[in-house]
Every structure is written in C-alpha cells, then in structure tokens.
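What follows is a set of structures to go through.
Each of the two complexes below includes chain A, the first together with chain B, the second together with chain C.
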Partner chain A sequence: MKPLIFTLKKKLQRRLDLSALTPDRLAAAQEPAEIELEYGASPVRAGEMFSISGEDAGHIELRRTTALVTRIGAHMTQGQISVKAHGGSYLGYRMRGGTIRVNGDCGDWLGCDMDWGRIDVEGDAGDYIGAGTRTGMYGMRDGLITVWGNAGNRIGEKMRRGMIMIGADAGDFSGACMVAGTILILGKSGKLPGYGMKRGTIILGRRPDRIGATLANCGVLKMEYLRLFFKQLSRMGSRYRFFRNFGPEVRMYTGDTANNGKGEIMVLLNAAR
Partner chain B sequence: MKINGVTIDDTFAEAFPMKATRLIITAMTLKYAYIAANSLTGFASSVIACGCEADIERELKPEETPDGRPGVAIIMFAMSKAQLADQLTRRVGQSVMTTATSACFAGTHSDTMLPLGKSLRYFGDGHQISKILDGIRYWRIPVMHGEFLCEETTGVVPAIGGGNFMVMAKTSRHGLNACEKAVKAIRAVDGAVTTFPGGIVGSGSKVGSKYSFLPASTNEVFCPTLKTRVNSTLTEEVGSVLEIVIDGLNEEAIRKAMRAGIEAVCINGPEKGIFRISAGNYGGKLGPHHFHLREILK
Partner chain C sequence: MIKLEGGRVYDPVNGLDGKLMDLYIEDGKLVKPAAGKKVRRVIGLNGSIVMAGGIDIHTHIGGGKVSIARLLLAQDHDDNRVASSALTRSGSGSIAPSSFVTGYRYAEMGYTTCFEPAMMPVNARQSHLEMADTPMLDTGAYALLGNDDFLLRLLNSGKEQPLVNDYVAWTIHAARAMGIKVVNPGGISAFKFNQRKLDLDEKNNYYEITPRNVLTALLDALEAIGVPHPLHVHGCNLGVPGNYLTTLETIAAAEGRPLHLTHVQFHSYGAEGDRKFSSAAAQLAEAVNLNRNVSIDVGQIMFGQTVTTSADSMMQHKGHIHAHPKKWVCMDIECDAGCGVVPFRYRDRNFVNALQWCIGLEIFLLVKDPWRIFLTTDHPNGAPFTSYPHLIRLLMDKGFRNDMLTTINKDAADASILSTLDREYSLYEIAIITRAAPARSLGLRNHGHLGTGATADITVYKPDDDAEAMFATPEYVFKRGELCVRNGKVCAIPATSTHVVEPEYDPGIEKPLKSYFDRYMTMSLENFKLSREELESYNQHSLLVHDCKQDLSADDAD
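This part shows the complex of A and B:
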C-alpha cells in the first residue's frame, strides 16, 4: 500500500503543530483532510494546509515541511512517519513507539521526553536532542535517536535511558545532568560533555574541546563491553557496518564528581571509520 | 543385530526430563574461555551429588559470540528450575567471573528465564552498571581485570538427561580407545553433551543401594569382577565395561548423539576388543524417554 502522503501546499507564516498526524490518530480518523491541526493559535483542517494522497495510515509521509512545523510524531505509539523535508522542532515529542525517519534537518528538542521508538535524521539537528522539558525530571526514557549530521548543544540532557547517536559533531554540554543511557558522538564534541552527569555513558569519537575539572581521568582502559556494543551496532544495517572497525581502547573519565556522579565518558582511541 | 561384528543388544536407554540452559563463555583468548568453561563444568558429572550436570557443547569462533571474542558454549542440566538457578549463580560466580578477562552470555532464550547477571551484579557492590542493547539487559560488573560482562538472564528449556549406552570391551584400554572416538563423534552433535569426566563413565550406577543412605550404587550386573557372583549378562571375554551418558536439549539430539557414538565405537570391532553394546534402563519405570538401540541404528 502507498503511504498516506501529506504535501504542504501553503507557505507557513506561523508555527504549525502536526501532532495530530500520527498513525494512531489517522487510524481512528474517518477522513484525514478533516483532522484538526493548530496553526499559530488557530485551528485549521489538514486539508487546508496539505494536499493528501495515498491510503496507508500506518505509514505517513510528510513533504515540503519547513522549520516552522512542530511536534511531528508527538505521542505516537506505532507505525512509521517519513519526513522528506525539514522535521521542525519537538519531532517525536513524548513518542512511545514506532519509527520516524527524516531526510532533511531537524530543529531543537528532537525526541524530547520520548519513551520508546526510533528516530533517524539524515541531516543536522538542533539543541536538546533527547532532553527533557524544562519542568520534567528526566529526558528521554528509552528508544534510539540517530542524527547522521551535526547536533546542537545539551543533547541528552537529563536522559534516563536509551541511546542517542550523533554521526558528526555535537555542541557543548552533551549529556549534561544525564541520569543513565548512552550518548555516542562520532565526530568532534564541544565543551564540557557530561556536565553534572549522575550516571550513564558518553562515548566520544574524538577528544572534546574541554573536559570539566570534576570529571576524573582514569587513564587508558580496554572496555570489553564496547566490543559487544559495537558488534550490536554493526548489525543494525549496512550503514552501521563501520563499527566493526572500532576497538575497545578508550581514555576514560568518570563523574561528574561535583554531582557525586558515577557516569563515564569514554574517548575512543581506535575509532577509524 | 551386529555392526562390524559388534553385537547390539535389543534394549533401550531410559532417560528422564530435566531443565537446561546454554551459556556462552568468552575471554580474551580461547585458552581462558576453556579455563572458565572447564572450571564451571568440573564436578558437574551427575545430579546425584553435584547439583547439576554440565559440559562443553562446542567451541565458538569470534564471529559466533556476542562480543566477537573466542568462546565456548556449555550446557547445564538440573532436575528443576530452582536447582538450575542455584547452580548457575554458584558456578558462573565462582568459575567464570573469577577467570581473567571472561564474559558470560545466554546461549538460549525462552519464555522462562533464570537470573544470571541479575544475581551476580551485586558483586559490583553498587558500582555495577546495566546497559540494554537490542532489548537485552547486560551487567557490567567492575572487577580487578577490568569489567565482567554478563547477560542479565538466560533461558531455561525442557531437556532430557540420561541417554546412554554401554561398551563391553576386552580390557579398559580397548574400551577407552573406542569410547574416546565416541565422545569425539558426540561432540560434533549440537545440543548434546557427555557430562562425565572425559565423557566416559567408569563407574556406572544403578538406582538405590542396600544401604538406606545411598541414592545410587554400583551397577553390579555390568561389573566384570562380579560376573560370577551376580545375575550378570557379561560373557567371559568381557573384562571392562564403560558407559557413555548423554544429556541433550531434545530427543533428536540424544538420538543423533547415541547413533554417532555407537557407530564410532563399532568401528573398532571385536578384533580391537569391542564385543557388545548395551544400554541402561530401569524397566521403563524411571523415565518417559526410551531410546531403543536397534531403532536408533536402523
């Protein structure tokens, strides 16, 4: 069956909330064009904003979206959303299952507060990937976020479980205050990764710009766990096969001791792709 | 029925239900994987007094193990899940975790899982770390050589213990020569192991004893020194009887293993001192699984 395709037909002037366009909601809807969306502060029917074709409500495809769209796939529990353009901000907000694939870039708060599921972004993404909302106690609680491009600041802030993988560079304060889970940054990372971290693992492909004074240097270690980790990653598809070349030798930092933390930062010494 | 001049008795091996789990033990080198596995499977010949039965199933290449290091697969059998769980914690804790550079993973997954790292993690004294990969939880327990990596649980499956056959030989030397070939052939069968030392039983037992405190005692009808004193079926030329006991994950594995083992023994034939093959049973009263020798060898 052909996916249900929503092609944006208007130039957006304001924020367009697409949280209603999920496989869960569409499965229950009689007519996709009648689904109510939020455009700025006003309600608008999906049919007014999008030209709609296709029939598989379990696989939604979004085309010509811009940075002004928000909350794609929010609260979704199943199915697949393919975004052929910009993913906007808050993509995958509080998602609990299913898969979102984005061909372009994404804004801030990607996978914010997510519980489960998988998000793949081909391009770059903004700040606070997999982080929690300002008032929330934790960030993402499970699932997998992969950004093949660059990422902004404070990725995985307060994250509780799951994994975030950044294929290129990341900004400052990665894994700030993280509670558990794994962040993997293959490129260069900015200042002070693991700031205030309690537990969890940050794996860096290259030495960061600056490591906090309260992250203690444990020296060079061979982490046998990484063999298992990289072997599992290498099985995730042909694109992940380069992980077979990665070795378990790392320079290890633990902390953040300022927060009585037991987290770990592993800077890979053998990460040739 | 005769194979290469060796008489195959018209009898059957009687086996009984057990619970089993498979473990994958890896280490920096194959040598240390074997050291851990041999330590774990040591003193695990029979549930009569060892708590469990266990043996190495096969060697694993790095590409077959979860962490890409060389390893071995072992299978552990016990009479109940509780007994198996108890032995798992003791043996993996004392034999595998203490072996330098080792790691331990589940080799079977089923609806019923037994704690593995889930119990052993406490050795980390609060410093242990759990990681979930592909839906499976692993425990990283900090130890002096680095980290002991262990899967949280391992699957327990119904299994069969006590498949067996007896080799009646001219002397122990003749018997051992043939039985070693049998053990080697059985090792090639997946899902079946021989848990006794060297895979060969030198002192097979019967159920019960004249002494009330003993659950098992010597199988006198197969003892060459007693052939004139008990109701023995041993002929004059038989000077040694060795038994091969096979535990397996299913009937098919035991059947295949028995066939491979008996055929390997029969290659020696009477000219190399092998006269007869029989099997141990209790008249069908002990176990529901009956492996008829002549059927298996058809």
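This part shows the complex of A and C:
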C-alpha cells in the first residue's frame, strides 16, 4: 500500500503543530483532511495546510515541511513516519514506539522526553537531543536516536536510558546531568561533555575541546565489552559496518565527581573508519 | 428588558425553593416588570433550574504562588492546551490553568464571582493584574496579614490596638482587598527563625508573641473597622494528625467574635487508631454547630493529581517529602510571608488520602446550618475547581456516595462514619452553600440572590438526575444581564469588576509605615499602594465598593 502522503502547500507564518498526524491518531480518524491541527494558537484543518494522497495510515510521509513545523510524531506508539524535508522542533516528543526517519535536518528538542522507539535523522539536528522538558525530571527514558549529521549543544541532557548516536560533530555540554544511558559521538565534541553526569556512558570518537576538572582521568584502559558493543552495532545495517574497525582501547574519565557521579566518558583511541 | 420565562427559581435569600416564576433583567439588574417597559427578548426556560451565579469564596486564582504552580506543572500545561477561538483566548492547563482558561472554565460551570484568598499586599499589583486577566469573573481578594514584620513589631512592642486597626484598614486600602486572611498566624515568621512547628500558645522565638496574640489582634481590628467578611483563618498545624484540638482552641480563642475557618478539612484530623490518623469531623462539626460566630469552608479533596499552593511555608516545607512529581518550591516573599508549592497526587488506595476524602464529606454532612458552610476544594490544594460538579453529586446523592466509598481504601472506608450519614443536600441547600451563604458572609448585598435590584448574575441548569452532569454544563449563564454561556460553552465575554471594601483609617498610620518602608522594604510606600484609578485601568475593570460597618444582625434571621 502507498503511504499516506501529506504535502505542505502553504508557506508557514507561525508554528504548525503536527502531533495529530501520527499513525495512532490517523487510524482512529475518519477523514485525514478533517483532522484539526494547531497553527499558532488557533485550530486549522489538515486539508487546508496539506494536499493529501495515499492510504496507508500506518506509514505517513510528510513532504515540504519547514523548520516551523513542530511535534512530528509526538506521543506515537507504533507505525512509521517518513519526513522528506525539515523535521522541525520537538520531533518524536514523548513518543512511545514506532519509527521516524527524517531525510533533512531537524530543529531543537529532537526526541525530547521519548520513552521508546527509533528516530533516524540524515541531516543535522539542533540542541537538546533526547533531553527532558525544561521542568521534567528526566530526559529520554529509552529508545534509539541516530543523527548522521552534526548535533547542537546539550544532547542527552538528563537522559535516563536509551542511546543517542551522533555521526558527525556535537556541541558543548553533551550528556549534561545525564542519569544513565549511552551517548556515542563519532566526530568532534565541544566543551565539557558529561557536565554534572550521575551515571551513564559517553563514548567520544575524538578528544573533546575541554574536559571538566571534576571528571577524573583514569588513564588508558582496554574495555573488552566495547568489542561486543561495536560488533552489535556493526550488525545494524550496511551503514554501520565501519564499527567493525573500532578497537576497545580508550582514555577513560569518570564523574562528574562534583555531582557524586559514577558516569564514564571514554575517548576512543582506535576509531579509524 | 429580557424576560426569563418559566424557570424554577432557587433563591434562598428570598426564600424561593423551586418556585415557578418569571425573571426580568434590565441594565444588568433584576427588575420588577412595569407596564411601560418593553420586553426585548423572551427566553423560555421550560422549568429549568434558576440560581444566582456561583460564588467561590476561596480559590487560588491569582498571585505569585499560582504562577509557580503553573511552572512546576509544565507537563499538565503541555498536555492540556486550549486553542484560541474568535471569541476566547488561548491558554493551557487543567490543574492550575492559565488565567484565561480559569475564567472560561469557571463560567462554563455557572460561577460568576471568585475570591483569591491569599494575596500578599506586596504582591497585590501582580495579583490584581492577573485577576483582571481572568475573564468572565468578578474577582476580589483577601490581603494576607499576620506574619508581616510590621504587625509583629507592633504587637511585640505592646502598641495600642487602635494602631493595629489603622494598619489593617490601611492594608486593605493599599492592596484593594475584600478582607483579611491570616495564614498560620506568626508561624511563617517563626519558620524563618528555625521553628518547625508553632502551636496556638507557643511563642515565636524572635518576636515572643503567640499565634493567639496575632489572632486576637486581627479579630479585634476587623470588628473595629467593620469589614463585613470575618477574619479568614488558616490556622496552626495544618495537616498534622491531632490538629483538631488546635482548631477547637482557635474557635474558643475567637470568644464569640466572627471567624471564618478556611479549608477545615485539613484542620480536622485526629491521632487515633493503628495508624495514628483518624477523623475528627464529628468534633469539629459539633463545635461549628454550637458556635454561631464561626463559618467554615471545607477544602474537600478529590483523588488525582493536583498541586498544593499555600503561603504556609512552614507546613509546605514539612510536606515536601510527599511531593509528586518530586519537585517543590518554598520561598520567602519580601520578608512579609512565605510561599510553598508542592505538587501532590491524592490516591484513593492510600489510607490517609482516602480518609481525608471522607473527612471532608463528613464535615459537609454533619454541619447543620448550610449558611455557615461553603463549598470549596481550596482550588487547587484539594482538587481543581473543575471537580465541583462531582462534589455536588457526592453531596446530593447518597447512593452515588456509597458507591464511591466502596472504591477507596477499605480501612479508611471502615474507619469513617460516612456510610452511616443519610443526609442528602437539596438543590435549595446547594444554592445556599455555593451562592447565598458566601455572598452574605462577604457582605455582597447585590450578589448571590435573585431579588429585585440584585445584579443579574444568573445560572440556569437543565434538570437532570445526574447532578454532576447538570452542574457541569449549565444551559444559560448571565453575567450582569448579558448572556455569556450557552449549553456550557462561552458565547460572549462580559465586562467584569473587582470587589473591594474601603474601611476608614487614620492617615497618621502612614508616618510609622513610611519610616518602616524606607528602612526595610523593597519598594516605597507610594508605589506599594494601589489607587482606584490604577485598578480601574487594568483591562477596563470597574470597582465594586462594598459598605463597611453594615448592620449584619438584620440578615441573621435564617
């Protein structure tokens, strides 16, 4: 069956909330064009903003979206969403299952507060990937976020479980205040990764610009479990095959001791692709 | 002139108990039909139930602590977003909703007037601005005194009562308030001197005065300056098992002077039984029945997520360990009083919470005189105000109440006498506890009833066996004669006003206040005071000034 395709036909002036366009909500809806969306602070029908074709409500495709869209796939529990253009902010907000694939870039708060599911972004993403809401206790609780481009600051802030992988560079304060989980940054990372971290693992492909004074340098170690970890990753698809070349030798930092933390930052010494 | 034809009118002030009659509205007032006047519009009510607009005497809808509660419950606001329409503005939230949503939701339930009970005088400007942005509702507020250093200094230095009277009257003026509330008298101040509890006769470490001194001074002051609403008391030891003794002592401390005890459910706990927590609703209700100077509002709890907001930082600090979700705020406000915000979830399977639910209902059913008990949930402390229809059904429907009783914690249900109470509120009594009695207690002469000359705040309910459904979606709501809600949906935004009283005082009080302000306060005396003009400039608000020293004894024949 052909996926249900929504093509944006208007130039957005305000923020357009797409949280209603999920497989769950569409399965329950009679007519996709009649679904109510939030445009700014007022309601608008989906049919006014999008031209709609296709029929498979379990697989939704969004085209020509811009950075002003928000909350794609929010609260979704199943199915697939493919975004062929910009993913906007709060993509996968509090999602509990299913898959979102974005061909373009994404804004801030990607996978914010997510519980489970998978998000794949081909382009770049903004700040606060997999973080919690401003007043939330925790960030992402589980799931997998992959960004093949660059990422902004504070990825995985307060994250609780799950994994975030950044294919290229990341900004400052990666894994700030993280409680647990795994962050993998293959390119450069900015200042102070693991700032205030409690537990969890941050794996860096290259030495960061600056590492916090309260993260204790434990020297060079050979972490045998990384072999298993990379082997598992390399089986995730042909794109992941380069993980086979990665070795288990790392420079290890633990902390953040300022927060009585027992987290670990591992800078890979043998990570040639 | 608008004619409301054939409604069953429940108007306890005028003794109408479901009388089938017509009402006439002109210029926002209820009038007698006169021969020369033309009826512009006739609305047929077909025997629907007509009451005055609801009056909530105690609901936290404005001021700094509500803003903090909204911040702490960001998730609730995120999950409950309300889009704007051609008529209404956008907003969010269900537990401590944004000001606009608060106004719409109240009006959609048939309420037309609400009173913010804990307005810090120093925050009065912000509170009034926020309430001016609460549409559909007339508002008013009680100024918070009793923990401010100026008053405690006056008492500590043994100054004469007239000075206290002037200060209280001046504060009501400066803050444009409707009355005075005292929260944990002297206790919030004591908390700042590291005392973690303060009984009625326990001394504040620094000022060496007791809550009883503060209460007495304020009770005397309000009586002297003639403010119609009695002192609004949130007593000592809120939420502490065994605190009903303190509450009974507080009633005795009033010595016959008028006293309003607020959210008494939180003050009616015994310390008996295996878990050292029991209901003292019977003792409290007995005291209320005996002391005709005492009025109460209940502060009923309902199960579910809510947030407790109070100026009582002493007790909120004590309760922070129960915060759900685990985050809370306790702060001092300009050294005048405190503020504690603790999100909380009442669970029906929890013994204490279930018993709290029972205690509230027991108080409702055991207090005999409906004119001295008001329906509140202490929004949002016990439950959001949107649970009022459910609460009304619990009061009106014994079968429903007993069904609910079987779903809660069994030990609590067994410990409670609720199942033995057969009383069911009638519509007449509901009209008293939600409209007539609060209006009388506050001294609102033209509100809360449907007599000739009264403000045409009218709510029309479609009769329904399910009281919850009936009170949740009124058929019509009129605000000052303007139809503003139709079938539970807002259809017009009426102009609103602020209720205030303006007791007399000797302007000489400003002399000591000026030096106090210059020395200690963050703003000057002139900026502290809210003028009539300033208040009226907020959203084109009008002021409704109520008389002081009115002869209340004439109303007392119930």
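Details
Going forward, the second predicted complex is superposed on the first by the 273 of 273 C-alpha atoms of A that agree within 3 Å, B and C clash if a C-alpha of one lies under 4 Å from a C-alpha of the other, contacts with A are read in each partner's own complex, and residues count from 1 in each chain.
Definition applied: a contact is a pair of C-beta atoms (placed from the backbone, for glycine too) under 8 Å apart; a residue touches a chain by one contact, two chains touch by 3 or more.
This structure is a prediction, so every number in the text was calculated from the model and none was measured.
Partners chain B and chain C, once the complexes are superposed on chain A, both fit on it without clashing. By the touch criterion stated above, A:Arg134 is placed in contact with chain C alone, chain B being left untouched. When the two structures are aligned on the shared chain, A:Lys11 is found in touch with neither chain B nor chain C.
In the superposed model, A:Lys262 makes contact with chain B only, not with chain C. Of the two partners chain B and chain C, more residues of chain A are touched by B.
With both structures placed on the common chain, the touch criterion links A:Pro43 to chain C but leaves chain B unconnected. In the superposed model, A:Glu224 makes contact with chain B only, not with chain C. In the superposed model, A:Thr201 makes contact with chain B only, not with chain C. Working from the superposition on chain A, the chain A vertex angle toward chain B and chain C, CA centres, sits at 110° in steps of 10.
Here chain B and chain C sit at a least CA-CA distance of 24 Å once the structures share a frame through chain A. Remark: chain A residues 38, 41-43, 133-137 touch chain C in the complex.
Against chain A, the residues of chain B that register as touching in their complex are 66-69, 101, 103, 127, 129, 131-134, 138, 140, 146-147, 149. Within the complex formed with chain A, the residues of chain C that make contact are 71-72, 74-75, 78, 81, 83-85, 89-90, 325-327. Those residues of chain A whose C-beta lies close enough to touch chain B in the complex are 142, 161, 182, 199, 201, 221-225, 227-229, 231-232, 262, 264.
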